[in-house]
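Labels run A, B, C and D following the written order; every chain starts at residue 1.
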């Protein structure tokens, strides 16, 4: 299997590095419009074609699959052309700028019988997979809430606000962990850093309500002096703290909880507290992007559908669209 | 000055302990309806009257001031009687169950020329006062956001939800630090712990928008396995991390920030990052409640108005009422 | 059982508070030479006798047991008189200023058939008892090392150096956990804070070697800007981190380790690493001093021997004496 | 300037990567005896010669300087040949297996007028340079102690114990920061992981006493479940906490201290405590190895002497030798 990478800016180099190391595939070409980056590619991968236009890779006969790591606004057009050109496609998150574009790509991939995968890297991390295992094994019980904090002194982007930059991570993790349909999304934010009409939200709070009452909430912030990447997952049997920055023990499971019971004789409601052991299971430390890239290669080779397929990508874009609408309507509840 | 304490449950013993130690005042009597607690009072303070009914203290001629530490629903009636009985009054937070009750008490205290103070303890802490100093000195610049996380495995209360239990702390701090009028309040929550119609929200997210665009946000949670008491205060010149549980360095000031500027020649917007030193100023470690109690005594003795007077109490109750309304309307923006 | 407390300085008030609350005993009298403290005692415990001289308690007929919380230099004489006066005795740590004094007291208590207990509080803490349980259950395997760090900006004491102030804690824990005889003790230190001939060591490092090769080490420091109270206990099956300041999870057990094996075919030594789960067992959160005081009362009532009896106290004093000798001999290995 | 790297095991790839990126020099060749590694070199650097024997680089005419990243036992012979072959030399730490070898290399470099530098990377880190600046500016006052903890589940090495593996880091930092001659070194350790006569110390405690009374101490441990890389530097005016793993604020300066003064009237010694602000200065975040490699290149180009020259390397080896002697003599004080 031969692969090309379109876009060699922030994330493209990581994709190229992984695909260059996977034995089952061959990195054939990389495209970027910036001459300096092309020079870097040539120095780093002397045997790989470095070209200015992604279209050259779409048209190439010696390429089976394309990884697209360009600005979001270009995802749809490039992926569409690639699928029409009978290439398998891996797209950076978020999949597209609109949900209808994602739906089109899903249909097209189906038609062309090609793999369409979105790079929701976190879903491949050992920590998130471990939490999913715990949920599937029934160890956590019923999920009550998912509270994520994703803040740091972030890199402002010209064409994105903090919602589109950071929420895809949590939306993809939530979609993977919570087997429920979101029924309401709301978001508020602030855009204190602004200039000449450019005023992207750099702080946002997003609430997602699920069918069964589970409450999701994100704190996204580009203006925090401290870096936090932490989610609390409250459930009826256990409560999980997932700290992405704690490399040794990213997942901690607390046997803590509260139960309301009725004291029949005295006809009162009693609240019982449970505070037991905590444990931090060993999690697979393999780099998540390596696993994602390998899974893409494996799906292309076997025809298997990836975990983070087009539908997973669509779900994230739908949440982003709804949150963006709510943000513009000052927090009014929205959902596609 | 002679003082009585009504209510010897969770917080009353702390008030009694402090008033018993302040030289300028004398703890004369404590009231509580529970016989076991009265027994404790007698053992601990053999010279202090321990009585079953608060009304006895209100009627007593040898008492100048009363501290009310009973359930919220009783605050208004007790404080009203106490003021009518020409006692100075210190009420536990939140001041009353409704804003109109607070307004009545303010008017009554004015009429009777008595001190009316609300025990917003945090406003007296060294950390919060230090932050206020920094703001007043202009060191932080314009405030962008106030983000508070106040979570732990909390004590469920029969007649309160997590909002009325925990938000008063942050609302009082925000009112003290942010010299702006809140223009919108919204809140969402979940009540997974429930039984026979009793279903208090045990998780809540509250958003407060201020006149000048400052964004306030609270995460309140009785179902967290970890205890966090932290606020981020983002501003144009500095960003403050206030961690109440870090006893050594509760206030950290980061010289970090972002600025958008225009590159005139190239007509582009550039984002400039600033990452300088961090420092943790020494803060007064005196117990906040001791300072609050002493201030009440001083105000009674001198006629001075306390920082956390009735108006401060009213502002917190107004925010609570608005947040409660929004909570019941599934996040719809509210404000009195 | 009726008890008296001699010494109401730093620790005495804690002993008095606990004995006053234990139902099985009655706090009858407290002695201290400082009039201000006597005044405090009278205010706090109006029914308890407050006297200036400890001898009055020793001679009193209405007292069955004495707790001695005076400066170390006075422990021996007071405890000796108390035992001769047929009182049960609880002594603050360290038991006496010399090992021979401890031995005398042990013999005397035996003769008088009285309980002699040393207040090695940490041995009664839930965390230390949990670690002992793990060791006894064979869960840790063979102990390799015990590394303790006990540092902060400490209270300098006029008649003690940092060794005598802080090492008793770790020596008592080590004696309780490690079922081996220490065979060598060495210590080095520095005394940078000094004046007019007064130059107590404010930093000390102590090494204890045990019969089976287990290595113990203490870092004791009154000049640290951060407070650390942590021990690592390395063993063949598990490694324990005991952090006294982590109130939620003071004991963490890591399934990590290293094993050297021989690859028979290739005749090489291979090192195998094991990195499994971590868990933090729930530990009893009861205040350790409360348990110690209750145990003293129970031992007096039942004639049972306490865990921290005279022999336990002697072992700590022997280690202190040896470490002090080594400190004075610039680190030369010592042992009584 | 053209450079070759000998040894492509653990550290060699890092050296190669940096030299390949520095504009002022050209990576010409890399030598390693392992064929698999040579293959990696060829793939990564297609234009760089990959050869099996370091001697080929020593003899090559197109090479001006060599970086030696082979096992310690080979450092001396390779560096000697390289200098005789008129190459500038950068050696991995520790410089050589014995101090006399280091002395020989220093003399030879002098004779051949070549740069001889040891890769004491930490000395080039922003954090360590910042601390040195503070010391030079007199901000810390007189240094009282340097306490380093360098522990984790370490990689056991066949021909090294934990002392030779980890102590070079702290010895080089101490030599850089403390302008005093060490007058005594002692070390104790344990070797619980052993097999068939192979029994390297995996835990060691090292004490270094300086001329002016400054006390240095290292805790080195390959058997810790937690990773700590922290040094406390106690001094008369300030105390520094240097935490290498805290990437945001590796250097924290505490305005805390203790002073003993005489109260003239009452003829007593009083201890005064100072607890002021803490601050964390911004430190240069450039990768230390990048700076070290660039400095080597600059020294070769300009003839300037590097900070971590042969004499710096010798001082570290002398401390290692002394500590090793003490370790073998069960803690007996040693110094060359």
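FYI, a contact is a pair of C-beta atoms (placed from the backbone, for glycine too) under 8 Å apart; a residue touches a chain by one contact, two chains touch by 3 or more.
The structure presented is a predicted model; accordingly, all values stated were derived computationally and were not measured.
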| item | value |
| --- | --- |
| Comparison of A-C and A-B (more C-beta pairs in contact) | A-B |
| Chain at maximum distance from chain B, centres defined as averaged CA atoms | D |
| Whole-Å gap separating chain A and chain B, where each centre is the average of the chain's CA atoms | 39 |
| Where chain A and chain C are represented by their mean Cα positions, the distance between them in whole Å | 52 |
| Touching two or more other chains - residues of chain C | 226, 248, 275, 278 |
| Chain B-facing residues of chain C, complex | 46-47, 226-227, 248 |
| Sites on chain D touched by chain B in the complex | 248-249, 255, 275-282 |
| Touching residues (chain side chain A, partner chain B) in the complex | 142, 144-145, 147, 149, 151, 153, 156, 158, 184, 186, 188-190, 192-196, 198, 202-203, 205, 207, 209, 213-215, 217, 219, 221-226, 232, 234, 236, 239, 241, 252, 254, 256-262, 269, 271, 273, 275, 278, 330-331, 333 |
